[in-house]
Amino acid sequence: MATEYDTGQTPETVDMMLNMGPQHPATHGVFRMVLAVDGERVVDLVPHIGYLHRGSEKLMENETYAQVITLFDRLDYVSNFNNELAFVRAVEKLMDLEPPERAMYIRVILCELNRVASHLLFAGTYALDIGAMTPVMYTFRERERIQNLFESVSGARMMHNYIRIGGIKEELPDDFVHRTRKLIDELRRGVEETDKLLTFNEVFLARTRGVGMIDAATAISCGLTGPGLRASGSTYDVRKDDPYEIYDRLDYDVPIGEYGDSWDRYWLRIQECYQSLRMIDQCLDQLEPGPIMPQMRRIARPPKGEAYAHCENPRGDIGVFVVSDGTNKPYRVKVRPPSFCNLVALRQMVQGSYIADAVVVLGSLDIVLGEVDR
Amino acid sequence: MEQQPPQPNDSAQEKTLGFPPTPEAGGKVPPRPARRPPHEEEAPTEVLNERGQATAAALGRVVGSRASSSGGRDDIPWVLVMPDHLFEVLSLMKEHPETKMDMLHLLFAVDYLDHLQLIYILASLSLNQKAMVKVDLPVAGDDAQATVDSAVALWEAAGWYERETHDLFGVRFEGNPDMSPLLLYEGFEGFPGRKSFPFNEYTEY
Amino acid sequence: MALNDPSNPQGQPLPLFVPSKWDREKQGHFVDSPEHGESSTGRGNRPAANMLPQGGLPGVITGKLEQFAALGRANSLWTLTFGLACCAIEMISAHMAHHDFDRFGIVTWPSPRQSDVMIVAGTVVKKMAAPIKLLYEQMPDPKWVIAMGSCATNGGPYYRSYSVVMGVDHIVPVDVYIPGCPPRPEALMDGIMKLQEKIKRDAKEGPSAQPIVASSEEPTPNEATETEEQETHGAAASST
């Protein structure tokens, strides 16, 4: 039946705007993506952030250096020790202060344990985004073990406020070394369990292999660092290229990926867990008794100047730039959040793939909104 | 509120805090690290180490006379350039084989009350070095805005950094295709990063 | 002895079956139970004294229909997955295997249209205030809100910030506040349990029950026995 619609032309279509709003089970926090989709294919992606912008940097200008450390805990709220370390290192550079050896070893042990905890959380929630509801239970069980240890060290499961300017807050508990050695074995088995469940699982491979590929040059131009960049073949790791603390005395490998897709980013993090456990073992062997804090004033008052220090967060390269004006409060603190820069690359990775792949890619980037928005 | 600074190696004044224990007191003493001289009396020194000096030399060759001043601490040298030369200097630093800064590590502003200073921290992953480019913008007060060329053409990471700096400090970047607010909500008045933005006049909701 | 029992030819009413441990003189107070008779849940698997009618039949509970509905609602709270910041990690930990939330009947549900409780876990930022209000309005009645953590209670460590809402109660009415930064998963569980009690109590006494303040002099009957636990755990919950 000929109607007015049979003009012989194809109908005009418009891309649909799909809003994956600030509240979404798969967006790892308050992150909003507006996708322009043509059928099921994503044509364009506009990320909107700022739903967790708490004004930390302005607050930091009005708090003493010790209080600023507590704010840093809450930036990347999954890897607290690494954030504290970045800030404390910047202030120590300003004050030309070198922490005692034991403090450095303890800091590295705690940072690496935190890295394992963070990657476990990533693995669990990534699998949850993809649809597997079991691995998250296992990884969180392993995380509970680590958090128990952290609780015995610093008193808190999450916001530790333990790494201080010059060293650390207080001495480790007596059974720490023994407990940590046992914990390393348990964690190795735990990470292996998640590894066996997910890494070469056919469904997981089908969902993540070849999804969200990015090459190294684009990634570097976007400012991507950390496992996201290393998956594309670059070897940039702050611990190797710009060693800080006692990383140059440890023997470890940095896993490098090949294709720059989501599976590589996931696999890298699992391998990093194993390497971290190796590092912790070596640190425990090399740990010697000694002081944990040099003799210094209680209220840090760095001389005028500015300093920049960067560390390897589980998400990438966290940098802290501190400008001091000689008083007990910093003049300006600027954080270079790795997740902020990782998000810039999201658009490149998702264009042309399916909507479901957008979720997969976002999960593989492992962003933490507290850091993105500060 | 401030404590008397301890004088551990001064035998004239044996002022001890009681902790950590000293060998004279019979306690186990861990070897004490060498005490640094008091910080307040020290003149601020920004000293480049070897790596930093090599980078500074390369930087000097690349940037040449466009730099008004330079300096640096540890391994990151900085140069101060005029706003007009900014884009030129940045593209030179990206392309020149001696610096090859392929990543824009960080871009932000510092509010020194009479002017704003933009700082670009650039990193070269191939040559494993970092450098800073600083620009002074004569902006003061609440509302005045300065304009600078955008670096989006060089590094994609600049896009979001510039949006954030615009939100918080009011620096306009020409050439950035999207300058909508990134961190603040639409309709936010004022530039919160600036020191002139009142800190104690917050609203609860 | 049944009514048709040949040894009971006249069909006398059966003698009351008295459990050996039930002391009739203490009208509903079990001999081995402490003075918790006023709580809405009794100890163990026995109905609490206040649910038994005075001098009535044993093993029979009477109550209003709302109370039974409240029992159902309290024991199957579906929470909206609304983790904003760091508290979300502890909330997720509370749902996971170690501190299990599923045993309370709590499942986390992404859609507001089918959830009962909104646990606001994390800092509420002014940009996010409008979505939170929208989400609250999308939830169907009856709904409750738990403010988890000090950021949702009053702004927390970001108290003087230019972009933070000092507490989510500026936007939505809150039933339970859980202090902590972040509160431990056990504290969140305590908050949920207090919400459950609130739901049951509101059904019994009416919706606008007297607000419970954690440090008040006269704790409500439910709080009477639990103030010590509160002080130990430090997870006070006060309701508006």
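The letters A, B and C name the chains in turn, as written, and every chain counts its residues from 1.
Please note the rule applied: a residue touches a chain if its C-beta (ideal position, glycine included) is under 8 Å from a C-beta of that chain, and two chains touch if they have at least 3 such contacts.
Remember, predicted model here, so these are calculated numbers, not experimental data.
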Overall pattern in which the protein chains touch one another (line/ring/star/complete/other): complete
Chains linked by the largest number of contacting C-beta pairs: A-B
Identity of the most central chain, Cα criterion: A
For chain A paired with chain B, centre-to-centre distance based on mean C-alpha positions, whole Å: 22
Whole-Å gap separating chain B and chain C, where each centre is the average of the chain's CA atoms: 51
Rounded Å distance between chain A and chain C, as computed from the means of their C-alpha atoms: 36
Residue numbers of chain A (touch at least two other chains): 50, 53, 55, 58, 62, 373
Chain B: positions in contact with at least two other chains: 183-185, 192, 197, 199
For chain C, residues contacting two or more additional chains: 127, 160-163
Footprint of chain B on chain C - complex, ascending: 126-127, 129, 155, 160-163, 165-167, 170-171
Contact set on chain B toward chain C in their complex: 183-185, 188, 192, 197, 199-200, 202, 204-205
Of chain A, residues touching chain B in the complex: 49-50, 53, 55, 57-58, 61-62, 93, 95-98, 100, 102, 217-218, 220-223, 234, 236, 241-242, 289-291, 294-299, 301-308, 317, 319, 321, 323, 326, 331-332, 334, 336, 340-341, 343-345, 373-374
Residues of chain B that touch chain A when the two form their complex: 1-3, 5-6, 8, 20, 30-33, 35-36, 39-40, 42-46, 73-76, 102-106, 108, 110-111, 119, 121, 125, 128, 132, 155-157, 159-160, 168, 181-185, 192-193, 197, 199
In the complex with chain A, residue positions of chain C that touch it: 80-86, 88-90, 92-93, 96-98, 110, 112, 122-123, 125, 127-128, 131, 135, 157-158, 160-164, 181-182, 184
